[in-house]
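In what comes next, chain A is part of two complexes: it sits with chain B in the first one and with chain C in the second one.
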Partner chain A sequence: MIRPRPVTARRYVAALGGWLVAWVLVAAAAVLLGTENIWAWESWESVRTVLGIRLYLVLTASIVGASLALAGLAFQALLRNPLADPYILGVSGGASLGVILSSLCFSILLAPLFGFVGALATVAVVYAVAQRRGRLEPYTLLLSGVIINAFYGAAIMLVVALASPMERGSIAYWMMGSIGTFDPRGTPVVAVVGGLAVAVAVVFAFLAKGFNLVVVGEDTAGALGVRVERLRLVAFVAASLVTGASVALVGPIGFVGLICPHLLRLALGPDHRRLVPASFFFGAIFLVLADLATRLLASVGDQAPPVGVLTAMCGGPFFIYLLRTRWRRAAEVR
Partner chain B sequence: MRFGAMAAAVVCALAALAAGGCQKEAPAPAPPPASGAAAPLRILSLAPNLTEILFAMGLGDRVVGRSTYCAYPPEAAALPAVGDTLQLNLERVVALKPTVAFLITRRDDVPRRLEAVGVRAVALRSDHMSEMLQSVATIGRETGHEADAQMLLDHIQVGLMRVRARVKGLPRPKVLFAFPMTIGSPQMMVAGRGTFVDELLDVAGAANAYPKTADWPTLSPQAVIGLGPEVVIVNATAEDAAPDRLEAVRRAWANWTSVPAVKAGRVHVLTETFLTIPGPRVVQAAAVLAEAIHPELRGATPEGARP
Partner chain C sequence: MAKDADNAAAAGTPAPGAPAPGAGRGAPYLEVRGLGFAYRPGAAVLAGLSFDVGRGRLVNLLGPNGSGKTTLLRILVGLLVPAEGEVRLAGIALADYPRGALARRIAYVPQETASAAAFTVLETVLMGRSPHTGALGFETPADWYAAREALRLTETEAFAERSLEELSGGERQRVVIARAIAQEADLVLLDEPTAFLDIKHQHAIYGLLARLVAERGLTAVCVSHDLNLAAAYADDLVLLAAGRVAARGTPAEVLRPEVLRPVYETPLEVRTDEVTGRPYVLLRRGAV
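And now, the complex of A and B:
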């Protein structure tokens, strides 16, 4: 394996620039391609309208992908568990329940807030349940995620069963996780969630050294001067914030937070100073590409499959692969 | 070369950004209400019953797109589909260049999205007969075809009146209108009071056996037996209309011998697809229901059909 070169300010900026260029290229491709072949159209007015719709979708997908990848990275580092992901731990489920309740009972504008509360409460519960004698047991952590997911699934089904048939349809569709909804009034929400994702990325970039040490061991990190409790609190709140906000924006989309950090770790090594900016941009690129794939599939059939279905179909096998190979190896080392 | 490719991509991206920015600042102005002469009318219909209404008004050649579920008349099924109100393919909507879109929705986000891409959106309702008739009038006004709308309204109202006249004086049995039970569950959806089908039952000379105001409640067999309907109409459409499914539904109902309708052999499995569509075919639907509910009408020539 290639020994990673030390991180310098110059290399950091160069890496950021490289990621930015890569994202811009992918985003441009996703804006230029889609269901309809707009290059055959004669009306510039129509072409411009479609480009506007696609730009909205690409920005939404980028923000959500970046948020979920960052949240996944933080959960994996803090819980020292390679299988952690907002979807698997039930954090997305908690956010979903919050968003559904807020859309049924209150204004839809409160959805991001409720999503955040649901996500944060879930993190607290999962963390409390999985902690034994001051240690987080990987098995217990995953199992508590499974259980809390089942609980939220039942709670959402209860809400769906009590809702009217009209609401039932839209909730069921929303639960699949789909980016394909352009809404002119959603623009400020997208901007706010986007700003949040950038802010959390910056916070994580400053916490990256702490993440590196916490992954080695919390005692070690504490001995080396990391204020572990504070780091954990800030990172959990930030990760819940972006997860809740992205669920409120597009519904639960699974496994982005699992796949992206892992692929990056395979390519870049375990240094979080590299992984934080890489996760931010690669998560965005990943979800933009997944959304582009669904839109291109829609040009074959009539309707675009929800992007959440696509990511889960890639993510399930990937999870099993991790379970069978990397996790076992990590356990043996310990 | 690498630099060239990169520069080209950046230029493309900037152009796209600029285009997006312009779009957001200045959404295409909605065209003024069509007065018939101005822009040629291009209609997008986002509900099966609206498609039927448009074709019945003679506007079929002006419809350029439909929802996924619009299958009648057959000419409509040949049109390009753009999804439904939950999942609208906006790119395809723009490609079809409609001037006006008619849709059935209570959500305000779908009309908003259509307006944002420069399509005038007319949100209609058709939960009740009166709302459906109102929608016909609105479509007439919006398209400048008021006379055609009035003709269709007259056709529907006269047709319903004829059915009412045929069942006048006949006993009004307690009728349960149900969908077949889903596979693996004995529960079924029935028409509650206040639904559009409830109104059709009234026209067809029957009283709804389900006593409460409800929007298609799901009932268990116990509840159905408790209601004691004198006639049962089971509306099996799509995959439920397969011969083996029909047989299964008939057999399941035959078990509940304590239900008066079963005892009297008055469980009717109807496979017409239009019984629950609030469109121009309500007239046929009312007639089909009336003849199923009142066996004495069957075979008798309806008054209106006489020359």
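And now, the complex of A and C:
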């Protein structure tokens, strides 16, 4: 346990450096590993192509993982509920509906924007309907999440039923959340979404002090100089932005926003000044490793399974574990 | 604005000479003028409420449930904006203070102390430094010194590394007061700090407040339902009834049967403690 020790500028920079090195090492390993054996050196061209594709996938996984972990962390702080996650809340579902509508009716280039609108609208609904005195109770969160996800599931089914058979297949695969599709035209989109993730991480770094106080209590936060309403608005919009953008990029990937902040809390404690940079890098590392696992699994089967399948299979049991242990305490502490 | 007060607080030194009884009277530090507030139109919680608090006084707000005590406290911290009237701190209207400056002048100990995360005692007390730290919230040795000092004053050092959830109600309340001390504000507002505490811990909390007021020149405004506890420790009492001030003054001036009976609608008698000379209230069974 590293806490409680002062969070000084020197320690902060050292932690950032440490995380960066860890991410670079994992990313490099993920670029070098895969089902195609690059060490056979058939030709420089083929090696470069393989590495290029893998680099694209690793960067995409990093951006999405970082985005989802940050969004999960922010939702958990703002709703004062440790079980909040973009996927469980239905925010990813809202983003998915927006992205599908955009790709069918308008242009795939508008998908991140529609994803953002869908995510933000869902957050507004969850917050308006389910919260009580700024806090989302665990039961209410689960119920509202189930209902909202069921609604979006039905809406997406409706849209899919009206789509052409070819679109139907691609939507179904996309809904499972997969990084394993390389599309060179997507590079500028990846760059934009990556920039967004970094920008939101910086914004959250400045909000971290306020996150800590809001978790303790709204009146406490207000009395200690936090503008709670403004913090909430900025953070909800930022979290919706990165959720929508990642869904537009790779489809809904569940539980990253739940697992990463929780593992980090166990290791580093509840201080958001540590958790924000840690979630950014650890989210990236986590999804790169998950994606690498799916790519290596491809050698067993015909095709790499979508990474969303893997995170959900890890996340489901993890969620139940949290329900059984931490949630009970969260429900008692009021 | 009133830089000297900031500096005195930052230096962490006790005010020169413990204030003599009655000191600060005639020089109001906190002025409440004609305060009106309603959560819903037509249902006024506060109506034309006025009183003063002298510097270096321990003031206790009394009043029946629903008399507007918590609302008043939240206005005094700046969490609510009054519909009418104004509050002045050190001669300057509360509304004219920037949010951060206000947080360096006024500390608040709210009723809710349950956190949604398992922060340790030290981390909790360090949060009191939040108005003093920069945008990223990095703490300097001065912040750690202030937190350690607050732990020492509240005698909570022994469990500095423990999680707040593991503590008893009385210990937790002392930690929240330690956070307010670490904030180095010169006005501390407390909302029922002794609710749910047994008499030993009630006395410990009020004793601590009285000591901080006497030794560090703090001004404290405390809400409590316990008339006798307030009478034993407070310099001044303010009795609220239906959003107005029903009576204010020293305990002997406020705790009189003819003042208390109409406000509380309860049969009671007031006696004087022969040892301290302070009044105490006896409850009687039966009709008013």
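Basically, the second predicted complex is superposed on the first by the 322 of 334 C-alpha atoms of A that agree within 3 Å, B and C clash if a C-alpha of one lies under 4 Å from a C-alpha of the other, contacts with A are read in each partner's own complex, and residues count from 1 in each chain.
The working rule: a contact is a pair of C-beta atoms (placed from the backbone, for glycine too) under 8 Å apart; a residue touches a chain by one contact, two chains touch by 3 or more.
The shown structure was predicted, so the numbers you read here are calculated from the model rather than taken from an experiment.
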item: Which superposed partner A:D271 touches (first chain B, second chain C, both, neither); value: second
item: Touching partner for A:L51 - first (chain B), second (chain C), both, neither; value: first
item: Touching partner for A:A27 - first (chain B), second (chain C), both, neither; value: first
item: Chain B versus chain C as contact partner of A:P82, first or second or both or neither; value: second
item: Touching partner for A:P6 - first (chain B), second (chain C), both, neither; value: second
item: Touching partner for A:A205 - first (chain B), second (chain C), both, neither; value: second
item: Complex contact set, residues of chain B against chain A; value: 6, 9-10, 12-13, 16-17, 19-20, 22-24, 27-28, 68, 81-83, 86-92, 94-95, 97, 106-107, 109, 112-113, 116-118, 215-216
item: Complex contacts: residues of chain A adjacent to chain C; value: 3-4, 6-9, 12, 80-82, 135, 205-206, 208-209, 212-213, 215-217, 219-220, 222-227, 265, 269-271, 273, 329-330, 333-334
item: Contact set on chain C toward chain A in their complex; value: 74, 77-79, 99-100, 102-104, 106-108, 110, 112-120, 122-124, 126-128, 130-131, 133, 135-140, 143-144, 161, 165, 183
item: Complex contacts: residues of chain A adjacent to chain B; value: 21, 24-25, 27-28, 31-32, 34-36, 38, 41, 43, 45-56, 164-166, 169-170, 173, 178, 180-185, 187, 295, 298, 302-304
